[in-house]
Amino acid sequence: QDDSLNIAIPGRAQTLDPAYLQRVLSDWPVMNSIFNGLVKYKPGTFEVVPDLAKEWEISEDNTEITFQLKEGIEFHKGYGEFTAEDVKFSFERIIAEDANSPEAQSFINLERVEVINQYTVKLILTQPMGRLFTSTLPFNAGLIVSKKAVEEMGREKFASNPIGTGPYVFEEWDVNNNITLKRNDDYFEVGAEYGEIVFMPMSDPTSQELALQSGEIDIGQLTLDNFDQISQMEKFEAEIYPDLAIQYVAFNTSKEPLNNKKLREALRYIINPEEILIGAFAGKAERANSILLEDMTGYWQAPDFKLEDVGEDYVWNLLAEAGYPEGEGLELEYVTDANEERRLIGALIQDQLSRFNIDLNIEALEVGPKIDRWQDGSYDITYARFTNTVDPGYNFQWNLSEQLGKWNLFHWSNKEYDNLWQEAETTLDSNLRAENYKKMQQLMNDDSIGIWVTHGVKTPAWITEIEPVFSPDGVILPWLISNSEE
Amino acid sequence: MPDKILKINNLAVEYRNKGKYLRVLQDINLELDSGEILALVGESGSGKSTLGKTILRLLPDSARIAEGSIFFKGKDICNLSEKDFNDQIRGQEMAMVIQNPQNALNPVFKVGTQILDVLYFKSKKQKSRKELKKEAVEILKKVGISDPEYRFGEYPHQFSGGMKQRVMLAMAFISNPSLLIADEPTTALDLTVEAQILNLLSNLVDEYKTSILYISHDLGVVAGLSDRIAVMYAGRIVEVAQTRELFDHPNHPYTEALLKCLPDYQKTEELQTIPGQVPDLDNYPPGCNFHPRCSYSFGRCRQEDPRLEEIASEHFSACFLNDR
Amino acid sequence: MALVEVKNLKKYFVNNDGLLYKLANKGPIKVKAVDDVSFKIEKEDTLAVVGESGCGKTTVARSVLRLIEPTAGEILYRGRSINNFDKQELKVFREDAQMILQDPRSSLNPRFIVEEIVSEPLYIHDQIKDDLNLLDRVWELLDLVGLSKRYSELFPHELSGGQARRVGIARALALQPEFIVCDEPTSGLDISIMSAVLNLMKKLQQEYQLTYLWISHNLHEVRYISNKVAVMYLGKIVEITDTDTIFNNSVHPYTEALFSSLRGINDDWNYKEREIIQGEVPSPINPPPGCSFHPRCKYSFDKCKKIEPELKAVEAGHLTACHLYN
Amino acid sequence: MFIYITKRLLWVIPTILTVLLLLFSLSYLLPGDPADIILGPRATPEMAAELESRLGLDNPWYQSYLIYLQNIIKGDLGTSIFRDRSVLKVILDVLPYTVILTLAGMGLAVFNGISIGLLAANYNNSYFEKFLTMLSFITASTPTYIAGVLLIVVFSVNFNLLPSIGIGDGGLLDSIHHLIGPALALSVGWTGYIARLTRSSMLETLDQEFIQTEKSFGIPRYYILYKYALKKAIKPIIAVIGLGIGRLLGGAVFVEVIFNRPGLGRLIVDSVNERDLPLVRGGVLVAALLFVVANLIADISYAYFDPRIKQK
Amino acid sequence: MFKSQKFFRFQKKSARVIKIMKKDYKAYLGGSVIMLILISAIFAPLIAPADPYKTNVTKRLEGPSLQNLLGTDSLGRDILSRLIYAARPAVLVSFGGIIISVIIGIILGLLAAYVGGILESIILFIFDVIRAFPPIILILVLLSIIGPSLLSVIVILGVTIMPRYGRVVRAETLSEKEEDFVEAARSLGADNSRIIFKHILPNIFASVLVLSGMDMASMIMWEAGLSFLGLGLQPPLSSWGVMLQESYQYIQTAPLMILWPALAIMLTMLGFSTFAESLRVALNPKLNQEV
């Protein structure tokens, strides 16, 4: 079937209700094809442009935003015209007391939504919200669902029978967890070229790769090691995108022996992230020097601690100063989960530390026990991957003091950091935000609480007959796929 | 010799064991008239069953006929192909009731099925099993199984040893062979049941003029049943004679010793024993197999194999004493 | 005083296959393997027990040696009830009374070599001083039953039936018992070996003043070895008397039938002229009412179908259970 | 026979009850705070509370157990945490695939195994037989996942003959095409096992005396081999097939993961990893039930082939 | 003195077994594989050409060369050395697991057969509950409860397999108890402990030994399978299963890499099962006639 495309997603989608998105990698590309938000990222960038909204106005004190909506847009499957009521409903269902939506955080300062008329709607905030336009509205929390559909079906059913205004209409979610979408022929913008899209879950990149080669799927991810080989084949094209997430080595700063800053510094020299990039990412991933991608607001490049630059003796000295001359008697505990990449990284770090006579005990746990250990802080070093959004406020929140015992893997508490974050959250002044985030990063760097390793990569590959479009972090935008042969 | 139904010449049979061939039967010469019951007696392990199986070609793959020939109704059956032999001889002309009734029937098939299959192949697949069933029931009745219709649908384990033995005989009746080989059909049976079985066998001979090769080591039974007796020892036939002649004038020292050591209710004198052991298969003594246990043995016995020779009318014996 | 006295021995096997089985079958199935058997064995006597397969001979033997607990009745050994023996007494009894089991080979542990088998009773009863002594003793015992030293190293499956039987006998003799229960000691043996075993047993009896309870199928052998015979039918003794008497003057119809099937080599008989008792041995699960032999008995009359005959003397030392004689 | 079956069935009930208790206690045994693992960093306290009540963690355990039992009797296995669907439905959706895969695997194993075994028995003591014996040892020593990987490497990557993943587009032919690799991978271990069993069972049977009876009454060789001997020899194989179905059910885990097929095994692996407790419980319960049923069928068919038990 | 006689007998018996096995090609195959693995496990540091933990990311995914006979893995570690070291967990898992299941199985089986009554029902019930789960799924769930580690893998495998032994021991004890030679021993005055330890156990031992040979193969298989699913042994221990999983993503770039651990697993399983088979024949005094 020429008119149908099969796209691999890295795991089973869990819900198609934007208010309850669980797995960004698998749920998001599907939702994104079914729903529209008031605004969206301009394809291929993180620039925010209008979508369902024509234009908007922000009040002086930054707490009231009035949107003019486009007219005559219809929901799928005859659920009626899109109006201001749907906007009100979509946002207020997220902040409602009993909603239990994980997105409540995204709308943290939203007080209510006011319908001015059928095509005008006003968001009323308690405080200015820095991330509203950067991550809340263009991302899943900002997607507009059909009020009528949700009320008719109820939340549970809607989650697997989504009704939106988007370029594709939900068709079927089958036993295999394949999700089939059909083109929305009444789409209010230029419609999609392909009549049908099937999202197929394939958790393991090797399977995706094999499936791509055997023609089962048209778009999928390659394993890093095969990237070159397969992207050179005539049948396929591929590209590398930096991921948005941040992967890092975290030191537990509140526990012996790594509560000793000297020792942490020494470790920053000893652990060589470049080797990790080669060993675990086949040299395909870029080094990260910040939580943020380079072109994001608040990017600050942490200095590299290179062993070559200071020489081994310097590190031996640091160790001696920290009370471990010759590295003797230093035994550290590394907690990770069974994920293969992370086990490889553990093995690498273990070997690197052993060059300085430091023993690293690797404990690879199930996800559950690992999180337990993370939270009660019984480890010295760990390796983590945190999903990021385009908004820095979101990305920086995990290192706040209030996250101690939760997701603050450094077990690091710094009042100044907390205040800077709070300030940045409640302003729309992007310069101020950028300043604050930079300062926060310096604070982290000064305390040597860990090592940013990489943002990771996405390696989408596709058959040459098609021409896909991706977001800057490598997420497929299915409705923009065109046929390259025509 | 048209009246001889079976004629065995110089037969020798070997078993392969651990890469070596061991002779189990040696120099077997035997003849059988039609309608005659020939009893084959001898110690356990002397090769009686092997001889029976050789005639019906039931030997395992590890065995081979090393020498000699077997003529059945004047035809050399050693050279028949396996398929021809199966089609023409087994179940048609010859049948064998094997030694152990407990294991003689397939435990997972109904007794009726097994009988029917014999009938079916006996009829050369001409008749359908349905037609044959009546016949089969008839025969079961004849061998004294009460309520045969019902028994027909039962499994062997529901039959007593005596009944199984009778089922075997029923199959033999069905085959209506010219030669029946009955391998110790009454061991492990009670005296009273044994008597019933013997009765049946005798009817078979009377009715159909069947020849029977009756293998046993119970001389008491053999004495009344058989026309002639062949005595085997360690793979050889050492003496053949008419039944009474053998008991009254045993010639071979083994036969003589055997008769003396048998407990018999009519004699009260002390039992004699045969000293020594039956020789191991892989360790037969040179010369006459019996000489190490024989009180008369002399030089020649240790060197040469004695051959079966006629020492009186229809009385053959393999012993050098007769040459003296 | 008799060496062994059995009084009203009963042994019922209950086939008790769980609750459901009972429900479905309206009560457990009882096999009356031995039903009210009494006899005495004097010292140095041999009592032969004959009867068809399954009539309860082995069960009697096992009860006499307390290998199974009787359902009812008493067994006296030297006047004392063996069922009340305490541990120590039982151990002494096990030294004095031995058994030769029915199946020569399966009664030998397949993983033991002959030496271990024969010396096992010596171990159990702590009668070994040291190793060399042990081997000597084993060889001596093997010699006694006519096996050479070489056999002490063989496994049971390497023995012929007769040799296995002899090993069983050697083991029974190891403790120098005074009473041996021989359960069909010649079944499955070669003709020539059978006589050797019989002679051996007889010789041993004379030498060591042994007492035998001799179970057998083979009437020729019974004639040769025993001086008393008990005939069993379906768990009961139907006739018991001296050996000579039973061969010449048996009275019970079953005994008569049994002995008429007996053939000697010098009998001038012809199978066609013989009378044969018909019918199968009835099952002990469901014995016929009255005299259990009546369905096969040509003399049976009304009373036989209803009333069970008791074992009564027809003359001194000759008891039978038949209505014809009472 | 009837009694035998009822007895066997009754014995299953307490077993299943205990299995249920064990499954139930999983929520207490599994390490980690379920709410955290399940909800991840985006959790709010209210969500955690809701989840706990859904998992029955807010009641005393015996109450929760009774509620759990009640629900199960009603056929309600709970709701999957991540799939917003009833566990029963999730399982029933994938179950057919596992069942088909298992049966196909077993079918292949039985067919190939018995064929190899019969050949080996027929050509006993030849070099051909030694070859077949070695072949069966080697296949029996090939774990499912290795077979799967090797099949993919050879047939999908190198020759592009078989699809490497998925279940096809729903058409019968395509489904079968997609089933070949997985079923073959699944069957490999048992093929060797059954082959060895068949050979030895066949040889043992052919060595028995009743075969001689059959021969001596003129029943042809093919008839003896394939009717008389096979039925007797097949008994131990039947007993093992039931067992094997259970084992293959387990092996399906690997096949489903490697070949990216939907199925019970993968569902359980996924749900264990995700800590989707209701789904773990439901999945394991269904797997256990299937396993018990397979064993039951094995026992009963064993009895069927052994008239001695059948009569009882 | 007394001991020596016993020892002599033991020698004679084992000499017989060895004599029979010597004629069996399967015994050679199995024996040499087992020896190879034991030697690798015990002397790994002496045999392995390189440090299996030594990474060198500049030399990753290289094919076989003189320096790295079987090539290197994704971190540039020497595959041969890792293969050799991985024999250790394999040996520990298979022997450890089997020891646990055999010991518990024998004790429970004997108790069930000898004590009977309620205890027997309870023991059988425990067996049934364990056996109600497909093994791999039981192992999976148990592992996720205890958490993966060498010890937990060993214990869980042992416990999962144990009912097999319990049931075999019970069934055989019950049937051995009825054997004539046990009755003979009782008639000689042997007490229960003698009957169990001298007569019953040695006879059961053979079946247990043979079963355990086969189960050791499956333990290795399961361990590798769990590792393949990412649940088995955890680093720094590397097992064949771990290696298998690690190489899975390179089946296109470096297909040889997955072949080595796959071969190691298969060969080991083959070794254990052929040896078990050969032992089965040799240990059965009745089967030894024709080898």
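Per-chain numbering from 1; labels A, B, C, D and E assigned in written order.
Here is the rule we use: contacts are C-beta pairs under 8 Å (C-beta built on N, C-alpha and C of every residue); 3 or more make two chains touch, one makes a residue touch a chain.
Only a predicted model underlies this, so the values are computations on that prediction, with no experimental measurement involved.
Contacts with chain A and chain D are shared by E.
Comparing the centres of all chains, each the average of its CA atoms, the largest separation from chain C belongs to A. Across the two interfaces under comparison, B-C and A-E, the one joined by more C-beta contacts turns out to be B-C. Per-chain Cα centroids separate chain A from chain E by 46 Å. Note: centroid distance chain C to chain E, computed from Cα atoms, is 48 Å.
Distance from the chain D centre to the chain E centre is 23 Å, each centre being the mean of its Cα atoms. Rounded to whole angstrom units, the spacing between the C-alpha centres of chain A and chain B is 90.
Residues of chain E in contact with two or more other chains: 144, 147, 248, 251-252.
Multi-chain contact residues of chain D (touching two or more other chains): 30-31, 152, 157.
Shared interface positions of chain C, defined as residues touching 2 or more other chains, are absent.
Listed in rising order, the residues of chain B touching chain D in the complex are 53, 56, 58, 60-61, 82-83, 86-87, 89-92, 94-100, 103-109, 114, 117-118, 121-122, 155, 157-158, 168, 171, 174-175, 181. Of all residues in chain B, those touching chain C in their complex are 43-45, 144, 160-163, 188, 190-196, 198-199, 202, 217, 219-221, 223-225, 247, 257-259, 261-266, 268, 270-274, 278. Of all residues in chain C, only 62, 65, 67, 90-91, 94-95, 98-99, 101-103, 106-111, 113, 115-116, 120-121, 124-125, 130-131, 134-135, 153, 155-157, 168, 171, 175 touch chain E in the complex they form. Residues of chain E touching chain D in their complex: 25-26, 125, 128-129, 131-137, 140-141, 144-145, 147, 217, 221, 224-225, 228-229, 244, 248, 251-252, 255, 258, 262, 265-267, 269-270, 273-274, 277. The touching residues of chain C, when paired with chain B in their complex, are 52-53, 160-161, 190-192, 194-196, 198-199, 217-221, 223-224, 247, 257-258, 261-267, 269-272, 274, 276-278, 280-281.
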